[in-house]
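Order as written gives the chain letters A, B, C, D, E and F; numbering starts at 1 within each chain.
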């Protein structure tokens, strides 16, 4: 059986990346749903810096397990090759750091200094199904960050970062390295890499049509005939497009 | 046994509706608590459009069950008589659409286009114990919407809307069609229809008194004698009212 | 065995109080973690008045148990010596009222009028692992309040306040009367009283160093050598301090 | 769009019913999974009478909403036409009463007397995503009953039974009246009615093959070649069947 | 306002105690429900020694808060006056130790040695909304114990026992010292002390009637006329009693 | 910094393995607690085959992430090198398969056929923080299996097994390959490999002492002087040991 998580080797096209910057995560879930994927939205995450909500990038994954008191001590970070630190220095420009925090929120997955380093390295964003700390710093950082919220505790209190660039679960969604991560006001969606090009294109089409439909609904049209559009509405839509 | 959920047939009086627009949900729970109803607040819901938090209207209910993969496919919405769409076209002006989403948040109960249609039809608001999608659209929509938050996924991923205008549970509170739904910063309260007129009147009275008490507390008065008011304070309150 | 919860009898020094006003709760958890305390952050609380998030004060504790329908009736508050009311009138200026609400959010721990009284009495803040009501009033009150959110229901619906100034649990953290409670954007941290002076001093030092590190990271330095600082960076830091 | 929940009008064949009595719920989920249904198991239910775990029957559904203190009083049951009582008198022989208790366990969905009446009427079993009371009585009752456990409280404390024979959710699985409900040690599975005949037949086939595989594994065969069976193993299986 | 939790000073009558030994917790919740108490069942607890499920006794309460690493060390138990140990030595014969474990199950509330001491001192049972350890020992101990289950961890890992004989919450039910605690297969019910005598008497009556009803239902009678009993059935019941 | 998870290379001594077979998991948590490890018990797991509860073996770990509909199809198992199948064929005799199922119970981690293969290969047990299916088969299998319970669904419904012999979290406890896994009636405890020899020895000592204490408590001795033992009791204990 061909492994579909490894079938794509070329980088994401610029047109697809551009499309992902404009379509909503809601539209993407509909596109993926139509292809049989019912679980692509990472539930329960919200932007910590509302001014920077649009996020697009390839997933760079980080995996954590529960901490153990004799291993996870402050001195652990004296080692600059600690997986958490190494990951921060490894995320390529344009990628999103996606952290599997096992959905646990009692201690932060990371803080403002590491996020700042990610920013200066050109990362496209941060996603965790846990929390971050130094929330005030995040609010003023120009790097989209989506998490379950903020928590003051240092990550060692409950987290031990163990490896990176392996398939992970985040908010009970599978995330494979290289998948396309998109974030906006509704949260985060993970688009499997092998579907990214076609989903990007069709999502853009869907949004154009929905903008047209929304205008008609705002103008007082009933759902019948308009949403979803019947043949007449589609004809009108296509005619308008031709102008 | 007389069914008290069906004893009221006349519409809500204008004075009661006006009162509900001014009293807080906190006050309403106290009024209902005094009548033996300890569970009238729909826990855990928050306004998605903070600028439009005051909401008053009769409940128009919508019920969902879990989705099933062979039934809940995108084509289902080609049918304009699908219960979700039919409900949107049926909510009377002045009513609030209350959706029983079984408290599940992984997929949205509805999105921005349907909400816009509700708005143009004159609905008074939307309440769900699930989530909505297109959160950005909701923020700019002049229609009070209270939910557990936002989620990108299309509702078919987990919800199947099955019927409308039946008694439902929403956030583990019973909601009967026609009950009065009030929303503000503290969330949503459901006032049983047969109690609405008297609760509206007494809530208004309670709030006047509490405004007087708050002023005294702000002026440095101790709780003793003031909150709750003793005879002296009540005398002072009544005297002031007479001016 | 000496009871370390009762070994400190003198008031918190002014310098320590001042330090707590400037250091973050994130820094405090690191300091406490280094002393073996991995669970000092009260998870899941957020400021209801974002403009007033910095909070420092000694813990004044209040304990609640579940309500019982024949005890917890509205008339209970006619007694001005009811523990909840008595507590509000007992919190010393500069202290934080910390309420053990058993983590239950369905009814409010307290409302705006009591909070206003706390404000006029000089309290430093309110913390509950439950909810508050009259959220709009709290937003405009100059008194830091951290809770799980807002809920309209009167506290008697689920809470019975039973005693005060006893050791409690709040958000699954032990809080002893007199412990130092600090709040900011990341939530609330409880600093055991006997550690307060030394933690305050060292936290201040840590933050100075981290501000220096952040500047270097913002300037593009890699983590290696900078975070944590190696000998060179420390030398540079100390040299700068000497200027 | 044809409504597949209403396409089957003839009764379940005897051969299918017999097959369901012998195949495991585990096998049924695999059959349904192969047809695209990933969510047919009602999670978290266990048999209250372990001696009577095998259960097969058509779903007879009962729906509850949260109780309200002024409606749900003991006197309500004076009405023999109360939906809960009416349902008990309506379940056809051979059917399983499936109760939507919204997953809430604090009060029982029903007790031993009603269960006894169901037994004498020939019902095939009881399923609820809540609890039952009089657990001791259930243990000695010859009627398969699967629930989340036992709870002493009368159902009126949190439940109001509102209607029957409508589509419901139970343990977050859609259950339509007439679906085939099968229960055993692993819990409960709901087989959509329109798939019942073919699933029954193929499940029986699958179990025969798996019994053969299990024997080989018990005999020390490795998974490779055996589970799943390769061509050789299948040939051997078929040859054995021909004897 | 008279404090109804302190109005009863005489011991429970022998007839009431005897009645509580024979009525089920299900019956008791119905009696309390009829008096306005909807929340008397301690949800989610089960007997760890199924052979000894019937439990009756006055509540002797024990309260815990979260542990703190610098206080809750193994040496703490060198102090024989540690509240947990003192409580075990203070429970009067015939009383039930009820432990407020905040509903947390990750570490045991107590183990087999302390339970054995309770047994030799004549205690009537143990109830905790947490867990116990040495489950095997409990299974063979002739002392009814109801808990959420078993957990190996020593209680100091998450619990700090802080005082005894104060009002507590257990499984979100208020328990006042002296309340009557009854346990059976359905779990645990707390009967407020001031209602104990009348509830005991009426519960016994209710059970006699229900035994009569059950017999009729088992004999094939329909619910109508039988459950609840109409005038005819009541007449028959009374006649039978007179024999 | 030396990695303490990799410092032990020799196999567990026979005396230690023997000791682990006789000491309880409760005793082990106390030993680990005394060494600063407060979180070694895997909460919430129970034996599916009560007759085979004693389990000891080195951890062989298996990691799962959430399933994705286009990857996790039944055909995946045609590949005998699928990680789940490969793991089953790789567990050394005497080892325990520990599965990280992310604590999710909706679908089984594995079923009876794979467990039977593990048994024939000499595995010492199975642990998962999820569920298993074919519970009836497990009850009759002579292989200790501890899980959160049973669920009928095939694992592909929510699980994708991704790799083995990496550090994992199981029930929010860190498990490193080679750690000693011990199971009994109270659940499962993970003993870090580098502490195993000394913990085994001291646990055995502790249990001898506790057996002596229990006898005295059963004989009616008070806690004071006995539990914990004072000097007199210790002298008596040692004297007895010398006989």
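Convention: a residue touches a chain if its C-beta (ideal position, glycine included) is under 8 Å from a C-beta of that chain, and two chains touch if they have at least 3 such contacts.
From a predicted model like this one, the values you see are computed outputs, not experimental measurements.
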Set of chains adjacent to chain A and to chain F: none
Which listed pair, E-F, B-D or A-F, duplicates the contacts of D-F in over half of its pairs: E-F
Type of chain E:chain F copy interface by residue overlap (half), same or different: different
Chain centre separation (chain A, chain B; CA means) in Å: 33
Between chain E and chain C, distance of the C-alpha-averaged centres to the nearest whole Å: 36
Euclidean distance of C-alpha centroids - chain A vs chain E, Å: 49
In chain A, residues with contacts to at least two other chains: 38-39, 69, 78
Which pairs of chains touch, using the document's own definition: A-B, A-C, A-F, B-C, B-D, C-E, D-E, D-F, E-F
Contact footprint of chain B on chain C as seen in their complex: 69, 74, 77-78, 80, 85, 88-89, 105-108, 111-114, 116-117, 120, 133-136, 139, 149-154, 156-158
Residue ranges of chain B touching chain D (in the complex, touch as defined): 1, 4-5, 35-39, 65-71, 75-76, 78-79, 102, 104, 160, 162-163, 166-169, 172-174, 192
In the complex, chain A residues that touch chain B: 24-26, 28-30, 33-34, 38-41, 43-44, 46, 184-189, 210, 213-214, 217-218, 220, 222-225, 227-228
